[in-house]
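Structures follow.
You will see chain A twice below: alongside chain B first, and alongside chain C after that.
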Partner chain A sequence: MADESLLSDDLLRQLVAVGHVDILVGIPTLNNATTVVEVVRAAQAGIGKYFPRARSVIFNADSGSDDGTPALVRDATTDDTGTVTASRPLRTTQRITTPYHGLPGKGSALRMIFAVADLLSADAVVVLDPDVTSVEPEWIPALVRPVLSSEAEIVAPLYSRAVSDGPLVTQLLRPLVRAAYGWRLQEPLMGEFGCSRRFAGHCLDRPSWGGGAMSDGVDLWMTGEALANGFRPSQTALGPRLLAHARKRPGLPDVFQQVMEAVSVCLEAHAGYWLTRGPAEPVPCTGALPGAVELGARPDVTGMAEAFRRDVVALHPVLATILSKATLGGVSAAAAAPGPLVYSDELWAATVFESLIAYHRAVMTREHVTQSLLPLYLGRTASFLLQYGSSGPAVVYDALESLGQAFERAKPQAAAQWKKA
Partner chain B sequence: MSDDDPLWYKDAVIYQLHVKTFFDSDSDGVGDFKGLTSKLDYLEGLGVNTLWLLPTFPSPFRDDGYDIADYYSIHPMYGTMDDFKTFLAAAHDRGLRVVTELVLNHTSDKHPWFQEARSSRDNPRRDWYVWSDTDDRYRGVRIIFLDTETSNWAWDPVSKQYYWHRFFSHQPDLNYDNPEVRDEMWRVMEFWAGLGVDGFRVDAVPYLVEREGTTCEGMPETHEVIRFLRSQLDAHFPGRMLLAEANQVPELVRPYFGNGDEFHMAFHFPLMTRMFMATRLEDRGPLTDIIRRTPALPDTCQWAVFLRNHDELTLEMVTPEEREFMYDEYARDPVARLNLGIRRRLAPLLDGDRRRVELMNGLLMSLPGSPIVYYGDEIGMGDNVYLGDRNGVRTPMQWSGGWNGGFSSADPERLAFAMISNPVYGYQAVNVLAQERTGHSLLNWMRRLIRVRRSTRVFSRGTLTLLDPPNQRVLAYVRAYEREQVLVVNNLAGTVQAVELDLSSLAGAIPVEMFGQSLFPRIGTEPYLLTLGPHAFYWFRLRRL
Partner chain C sequence: MTQLVADAVRQASVNFVDTAAMLLPRILITASVVAVGWVIAWALKWAVRWILLWLGFNHGCDRIGVGTVLKTADLPPADTLVGMIVFWLVWVGFLLSGVDVLGFTALEGMVRSFALFVPRLLVAIVILVLGVVCANFAWRATLIAAVNARIPSPRVVSGAVRALVLILAGAMALDQIALARTIVLTAFAIAFGAVMLGLAIAFGVGGGGIARRILDHWFPEHPSTEREEFRHL
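This part shows the complex of A and B:
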């Protein structure tokens, strides 16, 4: 049930006018004036082209933009985009933009989107990131069809990634979610996703909505909620995911902190599920991904490796509190070894799990655990890029698959330690 | 006629009927003018004020009478010319105007004109039709009857040339580049107008003149022919009306009104299609779109609007996606599809849903234009798609649950078309007699609807201003004429709807619901909240007291 105080009377009046919809496209915004119009156009064109008979609404939950984003959403038209001239839906695609109050962040916006989907009895919900510049009309059917056909209740994206793209996902979250939740989901941080009304209603009913991890880590939390509660997942190929460069983003330390916090929240919330979950199952995929293109400057691998070597020495006393002797020994040996840095899959899997258990046990402040893990993450990433940075997609795929298997092998012991803690 | 208003057609509520299948007075299985005359009280009681008759000329009936073999007679199976005159006088006595068919574009190939024309290439009538040594002239011109014709040319083995036909190959097109043809058609009009016919429904108007390199539709020379006929009619029979059948989008139909010097009326085909589309989509978009696209007309002109008629529900003027949607929603059974359309009557199209039938009729009677009720639709008659061509919507009128539905006392096997006899729409279940005896029957509801429609000129002559409530399932508009205003609110959806209307420009008015005379709260400057049941509609007369 939607929270009674969540929706303003004005919004409710607009929803009364919209009524039941087949498809709801939610766009959470905060000062996205430079990119949001294309996202709205793509959504509208996708509905018109692929679901011309659908009752649909594009719902924008805005967190108080001062750059005119809501007006741009309201006024965005498809008339002047040549690619979508033949994409006129038979039914009117309604458009609502509304401010939301309370804690800023994507979590609050998603909560409002889910509440609206619940009230409008939307058969399928799609959430699009307003910052994405590579969005295409085809993303709408890709995210909607598995839900409408009841093949899935949560549709995660598949992005084309270059080997150096998104190491937080490829080196940490993907293998961790695979091992813990038992699903081989490629993109646990669902920047864009589709879901069923049942899943939206489920999330809405959770008591966990709030600040902190629920604000910054809501993407991962939703993934965990879906997997831990039996909502059938699927993955759909969307292609490259390009973000607007203009926006100022938090630095790696902050992002890493947010991710670790989110991971911890999820593992604690879903311990009853993941501690007993067996080997990972494949997640059905639809569509095919085009080859990835290297975007922007390649990471400074040498710098990352140097930071790793330096910080392992400097942080040794702290790491000794977090990691087991064997793992710390492995990390220290890797840091001390001459030649190209090698941080093996097994060692990295043990590092991550042990750090999370330390985080869970609160052997020290959580920030310190995170700060200690960050250089190890840099070392692992540098190691991977040194080894596979010039490899073809198939080799990289196999390497990441090996990493996932290593995490799966490490899981039983980690689960046992978690339970003891 | 006592009413000598030259703009009478603006206030017309037209009833379209087929004499052939309306009432058979002489038990030969075919309706006739004596039968029709005996049913005029029924039509007067229904509340209509104009009758439009399908063709009653001598014909080989390969196109149900639209293939005319003699323009100056009544087919004997319909009676005599005296029977027609008697009918006409009786109709006029009841205040009913009569509109007959004028098929200008083509004749039957059995018409003596064509028989003469084909007899030799130098026959004086030869140039009354369009001939060619080859079949590649006017290449690219669309074929209208796609299901039966493969070319607009047909080979005449007698005179060994091709002749042009836009419809069936047994309907050769007349050649309006020949002034003799034009003059002859004026004599036809003069003949019938002289008998007292009040108007002509002119068939297939756009196709009169052909020109190479064009669509052969709506040529400037076609408009010259129309202006000639109109000027003749005005000069000799003022107050008579011309109604155009031009199956095109309103922007392209607009030229047929000219500057008020061509047609008085023309059918609004897309409005019909979009009423069906909007109610199935439960979205007013298709209707508001076509209303906004409909151009203004000269003051003396009027649209003719309808839900169903003797032809298929045309889907020519929709996008492929829209056509597919319409087929899926209204003609899942492919046998119901014909050409680019659907050959069904109103009630079966709407699954016999009384609420939807009422909503559609409510739209018909409240949107701009003179409404046309197709015979039998006022009682919810069904159809028989297995009769071939469009005959399935031309089955005999169902007057009672008795022998042949009260249409004829002939042997059932002798009827022009078999009666509808299935358990849902058959004459035993759906007939005038039963519905006359039931207060809440569709027939009695239609009588009330037409009475309310005719109680004011705001619907027939008023302006229309669309409202734009946020609820897309609701179509609302204000009709205004002189000092009168009517607010119309339609729920296009099959579910209950709430709608907030911005009526601030009408602040102070008191809405009075026109069917029950119920008062509603005074309109203020705040949004006016209404709730509507499934497919419900309201007509509010706005009073300022």
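This part shows the complex of A and C:
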């Protein structure tokens, strides 16, 4: 149930005036003035075009923007529907924007969105990233319909990716979540997603909500919660996901640290589920086939490969504490081998699982474990791009499928080691 | 003359017998104290080792890096080392107590001095252990950060950090037990100052290019690197 203390009196008055809604579109923001208007317009156009009779609300939870983002959300207009205010009758798109207090971050914003969805008894909830510039009105029905038709309770996105796009997802998160949680979900970090009210309520009831790594890794945590608690997943093709370039983002070490912490927290939280989960099942998909890859420009990763060779030598004494002798020997051999760098699927799967177990066992400061994995991740990425950087979508799809299978093969041993730890 | 010699010999004999009669029980007491002390120290050593093994002390030492340092220095495992320290502290304590029973003026006060020395020695050992832990943590943090920040020669940089912390801890430990305090402090100050001065001169005069590259790396006009060229998420 929604915690009403999350919601201010003024917000509660607005929500009472709105009443029950069929669709709630949540947009968590923090200084997104350059992009949020297009996102709001796309959401409103999508609802107006595909759900003209639905009672809907666009709800903006703002984390204290100082660039006028809330005002832009309120004032955004579309050619199709025009500006709609809370005084309009039902079956129009209401628009509410409110600041939230407490811990800053997407986790707190999502919690507020879910609380509002619970209070309004929304049949379907859609969350959009305000930083995305490629959002289309068609994203709304793609994320809503599986929920409204009760085909799924959580709808994950499916992005068209170039071979070099998102290696942290394709090389690490996707195969890891597939092996651990037993679902072939393509985008475990759901930047945009749709879900049922039941799932929103479930998340609201979780005691771990908003704490620890959930502040930064809430996307992954929600994925894990859905898969581990039996909410039917689905995925839907949204096309490419382009982000605003102007926004300053954290550097790779920080991003990698956040992702690995979120992974570890999720695996520890859902150990009871994933340690006994069997082989991965396919996730129903609407739109393009999962894993379809668009051919992009081949990036030059020669420098990354050379850096990997140096880094493995430099980090050897640290890696010896984290990895088994066999895995460390394999990594060292890959780094020392002449010719193009080859970091095999099996070796990479063993590296990831052993690092996570070392993190779980706290063999050293946990931040050191994750930061030691970063050079190896870059080496694996370089190896993959050297091998498949100029391959066609089908070949890349097969390669990523093979990687997923390698993670699945490595899982039983990893689960046994995890239990021992 | 003969009578005088005979009296002297008799007196010496009497004195010897008196002294022996006085010392023999003390020697026996000393031997008993030393023997009992050895048995107690030995028993304590094994008890401490058993408790430490039961607590997983060696595993903990391995995790904080002390185990690796002990292996590198060709020393026994941590539990054995602590057991040995306990054995020697206890047994030397009994040994000095036993010697004190003999009543030798020159040895008087040794027990008291030893009793005063033991706490300082324990504090010095704690300082050394903490120094090793801090040095290992700093070494690992520096190594990983230097590798990820693409700083040249990360192992040299991290090794230097570890050496500095270890030297500092060693100097503090020696100062704690007041062992050649003046020499230690003077040597440390001279060595530390010399190293810092040498590094500053080498970096400023001989490594201007490296300094420029490092500063360019830390404060780039265009922070993009090859690994940042594509989106990772």
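We take it that the second predicted complex is superposed on the first by the 395 of 421 C-alpha atoms of A that agree within 3 Å, B and C clash if a C-alpha of one lies under 4 Å from a C-alpha of the other, contacts with A are read in each partner's own complex, and residues count from 1 in each chain.
Criterion: contacts are C-beta pairs under 8 Å (C-beta built on N, C-alpha and C of every residue); 3 or more make two chains touch, one makes a residue touch a chain.
Values in this document were obtained by computation on a predicted structure and should not be read as measured data.
Engineer: If you stack the two complexes on chain A, which partner ends up touching A:131: first (chain B), second (chain C), both, or neither?
Structural biologist: Touch partners of A:131: none, neither chain B nor chain C.
Engineer: Answer with first, second, both or neither: which of chain B and chain C does A:38 touch in the superposed model?
Structural biologist: neither
Engineer: For A:378 in the superposed arrangement: first (chain B), second (chain C), both or neither?
Structural biologist: Touch partner of A:378: chain C, not chain B.
Engineer: Which of the two partners, first being chain B and second being chain C, lies in contact with A:314: first, second, both, or neither?
Structural biologist: A:314: touches chain C, not chain B.
Engineer: With both complexes superposed on chain A, which partner does A:16 reach: first (chain B), second (chain C), both or neither?
Structural biologist: A:16: touches chain B, not chain C.
Engineer: Between chain B and chain C, point out the one touching more chain A residues.
Structural biologist: Touched residues of chain A are more numerous for C.
Engineer: If we overlay the two complexes on their shared chain A, which of chain B and chain C does A:301 touch? Say first, second, both or neither.
Structural biologist: Touch status of A:301: second partner only.
Engineer: Per the contact definition, I'd like the list of chain A residues that touch chain B in the complex.
Structural biologist: Listed in rising order, the residues of chain A that touch chain B are 13-14, 16-20, 52-53, 55, 88, 90-92, 94.
Engineer: Note which residues of chain B are touching chain A in the complex, please.
Structural biologist: Per the touch definition, chain B meets chain A at residues 277, 281-286, 319, 321-322, 325, 469-473, 493, 495, 497-500.
Engineer: In their complex, what parts of chain C are in touch with chain A?
Structural biologist: 63, 137, 140-141, 143-148, 150, 154-155, 223, 226-233
Engineer: Looking at the complex, which residues from chain A come into contact with chain C?
Structural biologist: 164-169, 189, 243, 251-253, 255-256, 259, 299-301, 303-304, 307, 311, 314-315, 317-318, 362-365, 368, 371-372, 374-375, 378
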